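So, here come the structures, one by one.
One chain, chain A, links the two complexes that follow: it is found with chain B in the first and with chain C in the second.
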Partner chain A sequence: MTRLTPIIVLLFFASVPWWLTDQYLLHTLITTGIFILAAMSLNLLLGYTGQLSLGHVAFFGIGAYTSALTALGFDVELFGLFRVVHEPWPPVLGLLFGTLVAALCGFVIGKLSFRVRGAYFVIVTISFAEVTRLVSLNWVELTQGPLALPGIPPLTIGFPGLGYMTLWEKTENYYVVLAFIVLAYILIKRLVNSRFGRAMIALKGNESLATSVGIDVTRYLVIAAIVSAGMAGCAGALYAHYIQIIDPMIFMFLNTVTMVIMVITGGKGTLAGPLVGGLIFGLAPVVLRSYVGPEIQWILYGLLMIVVVFVLPQGIVPAIEQWFNRTKAEPLREPSVAGKGERA
Partner chain B sequence: MNVDQLLQHLANTLIMGGTYALLGIGLTLIFGIMRVVNFTHGELYAFGAYGLYFVSVVLGMNFYVSILFAIAGGMVLGALIELVLLRPKRGADIDTTMLLMIGAWIVLQNTEHLAWGSIAKSIPSPFPTEPLVIGPISLSWLRIFVFGVAILLIIATYFLINRTRLGNAMRATFQDTDTAALMGVNIRAIYTMTFALGSGLAAAAGALLGPVFVVTPTMGDLASLKAFAIVILGGLGNITGATIGGFILAFVEEIGAGYISSGYRDAMGFLIIIVVLLFRPTGIFARVERIG
Partner chain C sequence: MNAPVAATAALERPVALSIEHVAVHFGGLVAISDLHFTVGEGELVSLIGPNGAGKTTAFNVITGFLRPTKGKVVYRGTPLTGLKPHEVTKLGLVRTFQRTSVFDSCTVFENVLMGLHRRVHIGLVATILALPSSTRAEAELREQAWDILRLVGIEHRASELGGSLPYGEQRLLGVALALATNPSALLLDEPVSGMNPTETGNFVRLLAKIRERGTTILLVEHDMPMVMGISDRVVVLNNGRLIAEGPPSVVQNDPEVIRAYLGQGAKSA
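Moving on to the complex of A and B:
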């Protein structure tokens, strides 16, 4: 693809609120954007280091709950010994804390679960997500359990001296989410093209070889987990302040599955993959819901996942890239090197 | 904490442990022999429960015969999953098959939703509601029956694996697939049978616990996760480990729910996983190296 493509795509999406009048569609685009952000963070682990984290929704949910509780305040008694009272803080701080706490959890879970690989890693991450779900359901004093946390204030952005703005409107939220996606895109791009990214790709290709040339595999994996978890937490915090109510359903395994489907359909280990996959699956319910119920929608998602694994194991973006490179550079290059060196 | 209460908890542990062991053995067999992390395991468990409901309540057949039908149905469904999804992808890396299994899991679960609705179903059992009281312990007859059948199935599985020609071929495949193939073991048939057997055990666990609790489309999720916990505890591919792991999980859940908080009953399994990984990442009864 050309260097201009990302700019053109960005300009297109920046123009959407100017001509899109359907508020429901705009709302769907915002939630899709938030899920794309989460899928991008998952891609960092799944695509670049090759570790299938199936507990990613935990970081998303932790970010959402931390941010919401920072903004709402809480009053809990710990172990019946002492009370922790927290007065409401501005939502922007919530966003920051949500990101940081999720990143911290990423560090702990990374330290713990990168002792094992493959199947074990997957199971540990699922277990972690399930524990967080049960905590959010049972720690009623803090999270109100299944009664949900309502009335989360929307984000207020601004700078001292320049004035502040509270994000009540959909259009404003849309631009904030878009800005975060651009930020995440740049961050991931820089990471992947740095020494760190090369180390990740090396260890995905052959972990023993990577270790033998002096790459501290576990350290890099933990760093990837921290960045990935923080980004997912940030997405969760954005979600909480946009939707303004969260409940333990946020930890649903199907949310992780949605992220995984977005990444593998779009193309794991590519920058554009989660964006393409995210748009497809974020907007699919808009089309599907007028024809079928949610069960059929999920059945279709499941079937599609199976079909993608069989037909398009690399995902959509690499397939297009390969096709594009082949038609452009066929006389010059061997097809085997035509796939860009972006993936391992 | 008094002794009577503890005895009751221990009795409950034994009864739940039997079905947990069934779940764990099924999953660990499939992983050990096929190297597949079977996310559909919990759905096969739910399928067993719905199978029992369908045959005994909807069709009105005898309760005991219905259990056999449910187990057989689970085996057939398992064999189908293996033939359609896993056989074409044999030799693919573990992540690929994992994604396939997740896709199958979602399809199966939502098909159950569609077919049965989300309202929980209960299955009447032919046992008297009056419990059996032995000293301080009281046990329902249904639960005793569940325990007995689970133990019978565990023994039958041990016999199958260790004493029969098929079991011999399975163990050979587990040790070294290529050599087993060279010795004339039909690997493809072994894989299909292993998956069918594992699925049958999951369906059996579902059919046994279906009448004890209620049957819902999402009941498989926790079953899958608990089976994973059991298998991590015992070491992937280790049948004895899975059997003991099933009882350990039941014990921890029972004690956790009884003395800490019943809301966290289902979290106990995951805490076990985390503790095991902290202190003994190779599993309690591990024989095989798992890292790398």
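Moving on to the complex of A and C:
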């Protein structure tokens, strides 16, 4: 793969609103993009530290609700003792708070569960997602429960002096989501190619050896959880302001499963994996729907997933990389290559 | 026991590492009982004994992988009780593993970078923003990685996967990883087991280079000619007990050591 590949891919996706006339497909691309963002955040934990968060949707939903409530305002009575009143704030602040609150939850979950890892982390995250779902369903005064939170204002972006723009149109939302994906990609790339990412990869590969060379395993797991949860929260906030209505269904387990499918099929522990897997499994339902009925659609979806997992157990991206490396293997030598030992 | 010998050694060098009346029980099994010895600054001490004597268990206790049932370990005045392995490493005390242990699916170069984890500190925000300070620090890390690869002599393998190296070079990579942490004391668990005589010879030269830096070494090894050739002192374990301690010449001729270990060890060496 050349250095140019990401640029070419980006240019292609930047051009989509120019020629795509089908507004429904554009809408699907936006929601798929938001889920790709969430899948990228999941990949940081699952792919690079090896920890499976089966409640990842909790961070997504928390980001969505926090951002929505920040923008809409609320008036709740706590423990029958005092009232908390919050006036509506600009949606951009909601996006920020959604990200931060989700990151904070990632910190707490990480601190709680990473002393004992593996299955324990899976159980803690599932339970956490269920608790957040029940809270969103039952704290009616704050979330309106199953009645949903309607009328969430779209994001307004811009800089003082440069002017502002409110994202009413699909095309505008598309570009914002694309920009967030690019930012997340760069952030994850820098992170995993740094001392932080190496610590994560080390603890996943050989934990005793990692601790033996002085890596504080728990610390790096918690850092990964914070960044991952914050990114998922940010995706959730984008979702809330784009769809403009959210309800407790956002916390459903199926959403986590979708993220996991995107990561596993695309290739966990690769930068492009969640993008490729996300595009395929985000667009598949829509593409299939235009040819077959809903029952057949989900059966085909399931079959597609099973085929990918069986044929390419490492995922699509690692398979392509391997194929490329075989076609042009290039031996590295010391003096000229200081740095070529690094992860592509 | 050989208290006078230990006393002279302690007089010559300040004590770096002291193992104080350590006992380790696994359920009913006594893996180590009342182990007590010291290693001086810059000294090379070998810990020998038959299979199952408790040598690796002693390493696990010293480096925080196991809690002793009784006793404690002190390094440069700091008791290691309750410290986790990475905290022990922070104090400069680093071990290698008896079972070959490298990051299999990372390149040799990445392996060493992982070992260099504690050497250069780069903040999370600086990393994400790719600030010049982080880029510079990363470049410095890469320089250091090449230095270590050259020192150990596996620089030609830099871009190969750790798990794909021949056995002897995997052992060397394990040592490179430990060296990358810049240890003041190095604990080597059977570093030359499975190496051919040429590789062993090279390794002895590497050890000499490491010692020139003043690094303290505690060595577990079954290769008796090597142990007797390079050690300042030898500590002999049998069934979890210390049965002899002293310079190689003394230990080699100790009747109890010959009966318990050297009798059979010499044959296989």
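For the reader, a short list of remarks on this structure follows.
In this text, the second predicted complex is superposed on the first by the 307 of 344 C-alpha atoms of A that agree within 3 Å, B and C clash if a C-alpha of one lies under 4 Å from a C-alpha of the other, contacts with A are read in each partner's own complex, and residues count from 1 in each chain.
FYI, contacts are C-beta pairs under 8 Å (C-beta built on N, C-alpha and C of every residue); 3 or more make two chains touch, one makes a residue touch a chain.
The shown structure was predicted, so the numbers you read here are calculated from the model rather than taken from an experiment.
When the shared chain is aligned, chain B comes close enough to touch A:118, but chain C does not. Note on chain A: of its two partners chain C and chain B, the one contacting more of its residues is B. Residue contacts after overlaying the shared chain place A:216 against chain C, while chain B stays out of touching range. Touch criterion met: A:128 reaches chain B, while chain C stays clear of it. In the superposed pair of complexes, A:208 makes contact with chain B and with chain C alike. In the superposition on chain A, A:50 makes contact with chain B only, not with chain C.
Using the contact criterion defined above for the overlaid structures, shared-chain residue A:195 touches chain C, although it does not reach chain B.
Counting contacts as defined above, chain A residues 208 meet chain B in one complex and chain C in the other. Residue ranges of chain C in contact with chain A, taken from their complex: 63, 65, 84-86, 89-90, 94-95, 97, 101-110, 113-115, 117-118, 120, 122, 124, 127-128, 130, 134, 138, 141-143, 145-146, 155-156, 158-159, 177-178, 180-181.
Of all residues in chain B, those touching chain A in their complex are 31, 37, 85, 88-89, 94-96, 98-100, 102-107, 109-111, 113-114, 221, 225, 228-229, 232, 236, 261, 263-264, 266-267, 269-271, 273-274, 277-278, 281, 290-292.
Residues 187, 190-191, 194-196, 198-199, 201-202, 205-206, 208-217, 223, 331-332, 334, 337-343 of chain A touch chain C in their complex. The touching residues of chain A, when paired with chain B in their complex, are 50, 52, 54, 112-113, 115-120, 122-124, 126-128, 130-131, 134-135, 137-138, 207-208, 253-254, 257, 260, 264, 293, 295-296, 298-299, 301-306, 309-310, 313.
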